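Just dropping this structure here.
Per-chain residue numbering starts at 1, and chain names A, B, C, D, E and F are given in the order in which the chains are listed.
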């Protein structure tokens, strides 16, 4: 009987705590999601304002560079050359972002994302250096 | 002298035990091999019987689905459509087995052969779900 | 004051030791580099001598097999067939060295560079053996 | 040759007991489930091997300095292994479906009821309080949590509890559907749920593991190791800045630890202590914990459905039990059996991820309640 | 429910102190640096996680038998982790540029001056001798050396010293250029250096690690573990006969150890002991050590330049500080800012590799001087 | 500067002894064999490195808490490392050739005679009984078995015994052929053996590791760790259900353990205890063990040949010595030298696998006989 009482009490308290913790977490997540939406809206608004202020030359009718989602760095075309096809600008933008990503993964270690001495890091620099030196060391046979 | 005696005695006992253990293992292995052969024969016999009983439509002259070796699940064509080319049936059978094997390796985790959350597991289901949702989350740039 | 003195003294001794150790290392490295150059020269000289003694048939004007750098085993054409094009000899030489390297990486384990039972080791031998046996064991389905 | 030497040579045969023979059979059954049936082979095979090696007569592997003893001391006694596995699970888990649907999180709480329900039953049968809590934790339906909690509260029951937890988890696809069909009407199972819009931002994905760790760690300190390990793995995963570590946690470390964990768990299944009535009771209570979890999850989902005007499929509730990610798949399958066009998988995945988090929190709560009592 | 149980349940909230809150913020900053800024994420992220988990109220992870405690005992107390990381670094380092240019080795010696300079400053501020030496070792600009030495001489300062070492190392691309520009003229920075001829023979590559180990081990026995581990890795690499071991050292082992090392280091950053004035002093002295190292390297290079008749670019000296291989890249970048066609990288790599070796020797010297004193 | 500090600084040079110099030379020879000659580099290189690091004057690496000491305590003292290597070997070994030809198993038994023969010789020379047994175990021609047994019976001889075992194993292609040619006639070497039919079923492959473990574990409990580890690896391999674990055992775990094992073994080769007459005796007895093994295997095979009417090639007997899988290749080579069309490899592989199993059983038998005596 004592055990049953203890068990029931424990169950109420235990399930209560579990529900409470997760409920607080729920509120917290809702808050973060709200913040996200707000940040995204603000970033979009600011982008439009900046574009207006900076005199974005790209045809305003084109959707080549739409307001990006939260967290996506916005590409701002400040004083872009007049004659360029917006689609071309879009393609170039994507190519540049792509290249940056690749560079980050391969060469990031200006901040040493990779281990010292890692080939991933050294390849391009060392390749250039070795070429200049005009000599490479030979693999063992 | 004492040491020599001890050494010889130990040698006799030691080599005796080694030989005994391996001899027993030999008998055991022979038994298993015998069992295997018997199981293979029985499976083959039963397959033939089943085929006869179930009215295997495939041309009996064709060897498309020969009695399999022990351990190989036998494909039984119960009530197969009359007009089908036995070679076609064989090809389909192989394709299905192949697919099952692939599915096992990729998706086995109905029984969680892979770790919870593993991409190997989730890919196909999640891909479908994401597609329906029409949204995917973006990689970091 | 006492601390400052201690610190200065420690600095002098410490930097002194660091410099000394690295200076000795420097001398040592210079010595090794010298030895290397000497060994390379000697190997080259001996190669030329051997070639003269052994009657190297390859056209002396051709540079197909130049004196190799230190550590590179020199290919000596002892009694090479007269009519062969030196460039052909060079090509064959490279092919053989290449093959040796491959063999080393794949099959080295005459000296067990690979783990016992490693597929890397067994593949070719076992493949041959299995083929002779005309039977292979089946993967699980 | 002295009598002593002869005794020494024969001690293997004379040391055989009926218990060892039965345990060989148990190991055989586990091997069969693992190899032939593909039921959680990554853990059941090492457990079976550990069980077999420990039950050999006078096995040197469980003596002081023996391999299994060493592994047990290195990773079970100090809970290193279950926590490292949690890091690996975190590194492999995508909490996206939960973050898109935060309300799913309460479903995960409901799916822990079996822990407490079975604890009461175990108390009534006569187990001590720590033992009852350890048996209840089978209802967390999460291997590492079960091992962590029972190692702390009742190490003597670690063997049967782990075996029950992993075996039943492997059987989830067989246990869930009947319970789900019994507690829901066909109409309920046919409810289609809309997908909201929100993509989850990178910021949210990074805040989530940190927030969960802080929250659970402050409110339930005992849950810090479980929640913290899981969320450490997830933080590494979502940071996308330490791919080397994420990969190592989810692969090299997880693989080695899984093998060692299984062997060490198996070595606790010694015939003399395993073949007792309480083991049978634990196996029975374990399956009850599963059923209670599923039922509580579904009933809670029905409640939500009532409040939301019939737009919430109660089957989703069953995914709140943890057993990530299998439970979500079973929900999808059962829903599809009624209506092939229905696709509640992503909602179920959200509830399932919530169940994973809730399980670790519940583990901490159990420890807090029983360390004090 | 007894008062005791209620206290137990609330102890997480009542256990929160201002120190824990501040440490959460510190962990947040480290996470930001690691994830958003990509500053040494492989170590800063685990350190931040360890810091956060250790500072949660009543964290079971730093109690006896807790995960962080276990990791600390398993690899920091006995210096296993830093040495294994050194094996991995050795397995990844190509000493070729140094071997082609042996005279660069003395530059590495000059780049260790900061160790001693800062030690004097720390003594003057009032740190004890072993503490001052440990703070000085931040000037080795080499993570594992700092951890190894400070764990031996002043384990109480291990947390702040490691954090300073790794944070500043991440900031090398920001710290170096101003110092370099201040101490060199534009003309000096424009000096182009010729590349000598010599390929490095396989024999030299094999003799190097063995010779360094013997030499340092005999002359400075205390440096044996640091130098020996680094050179063991390099010997395996250059032998080309044990690819499996080289690969394992540089990958599987290094990854697992990095994660565990970071967590264990982070767990030493307990609010009550970390949030003291000496931590601030250490952070300040640490950056001074960096600046002194760079300055000493450049001045020594200027000396060489004077003797060699203006053919030695003094920027190379800055690469002697260790921080391998980042420092060499920064040298290249600064040189290229003046003259885009200049390419001193390979010379800088040589000096950089020399700095790596010199750092470990200096670590041993510090231990020898302060173990006796 | 006090005299004490000066002594401290010079202790490396003053601590050099002739023994350390000789041990450096020994390490150099081992490195030469490993790197230039490719003789078992995976073990000889780490052993040589461990030897060098341990023999440096006042090496901190073998003091309490030093890296080599820690590795020794972590994996040699408790036999963790050799057993984990056995799991890896099991995961890589295909026992198919033996299962197709079960009668080969007795050849493996014959190939263990050298263990006992050399034990008698060692007893006569004056070694104690446990020492003699440990020296005899070199005749198991299996590294982990030698380490496991000698660590149990005579840890003081671990260094020379391991070095002898691995060095001679590397020399098997040089040691075997002369003995084989001496003991067989050309006619015998030309015998061609037919290949039977039987494919091996999956069931047999799964039953084999379990049966061997049960059998050896019950009949010779002392062999449980050795046989059990080997067969655990093989069971994982043949189950094809736990590829992750099989792969981890055969790669990540095996690589890390091999490195650590080699270093720890090398660290036992301290000049003062290694450079004694008994080491020379052990090296001499070790090669004798190899020769006796080979001879016994061949003579037993000749017996079989006599009974089978000249259809059994006696060379196959030489493969029963273990040294898996090298011995089988040498047999093939010697047979082919006589008759290029002869292909006894698969038979030899069967005998070789049997030798591997028999070696572990013999190791257990030796432990049983000498633990009691």
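The definition used in the following text is that a contact is a pair of C-beta atoms (placed from the backbone, for glycine too) under 8 Å apart; a residue touches a chain by one contact, two chains touch by 3 or more.
Since we're looking at a predicted model, the values are computed, not measured.
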Shortest chain-hopping distance from subunit C out to subunit E: 1
Farthest-lying chain, centroid of Cα atoms versus that of subunit A: F
Chain whose Cα centroid lies at the greatest distance from that of subunit D: C
Between subunit C and subunit D, centroid-to-centroid distance (C-alpha), Å: 54
Subunit E and subunit F: spacing of chain centres that average the CA atoms, whole Å: 41
Where subunit B and subunit F are represented by their mean Cα positions, the distance between them in whole Å: 34
Multi-chain contact residues (two or more partners), subunit F: 9, 38, 41-42, 199, 202, 219-220, 241, 252, 369, 373
Set of subunit C residues in contact with two or more other chains: 13, 17, 69, 113, 138
Sites on subunit D touched by subunit F in the complex: 2, 4-5, 7-9, 11-13, 15-16, 24, 28, 31, 34-35, 38, 41-42, 45-46, 49, 52-53, 56-61, 65-67, 70, 251-252, 255-256, 258-259, 263
Subunit A to subunit D touching residues, read off their complex: 3-4, 6-8, 10-11, 13-15, 17-26, 28-30, 32-33, 36-37, 39-40, 69-71, 113
Subunit E contact footprint on subunit D (complex, rising order): 77-80, 83, 206, 210, 213-214, 217-222, 224-225, 228-229, 232, 235-236, 239, 241-242, 244-245, 247-249, 252-253, 368-369, 371-373
Complex contacts: residues of subunit E adjacent to subunit C: 99, 102-103, 105-106, 108-109, 112-113, 115-117, 119-120, 123-124, 129, 132, 198-199, 201-204, 207-208, 211-212, 215-216, 219-220, 241, 354, 357-358, 361-362, 365-366, 369, 373
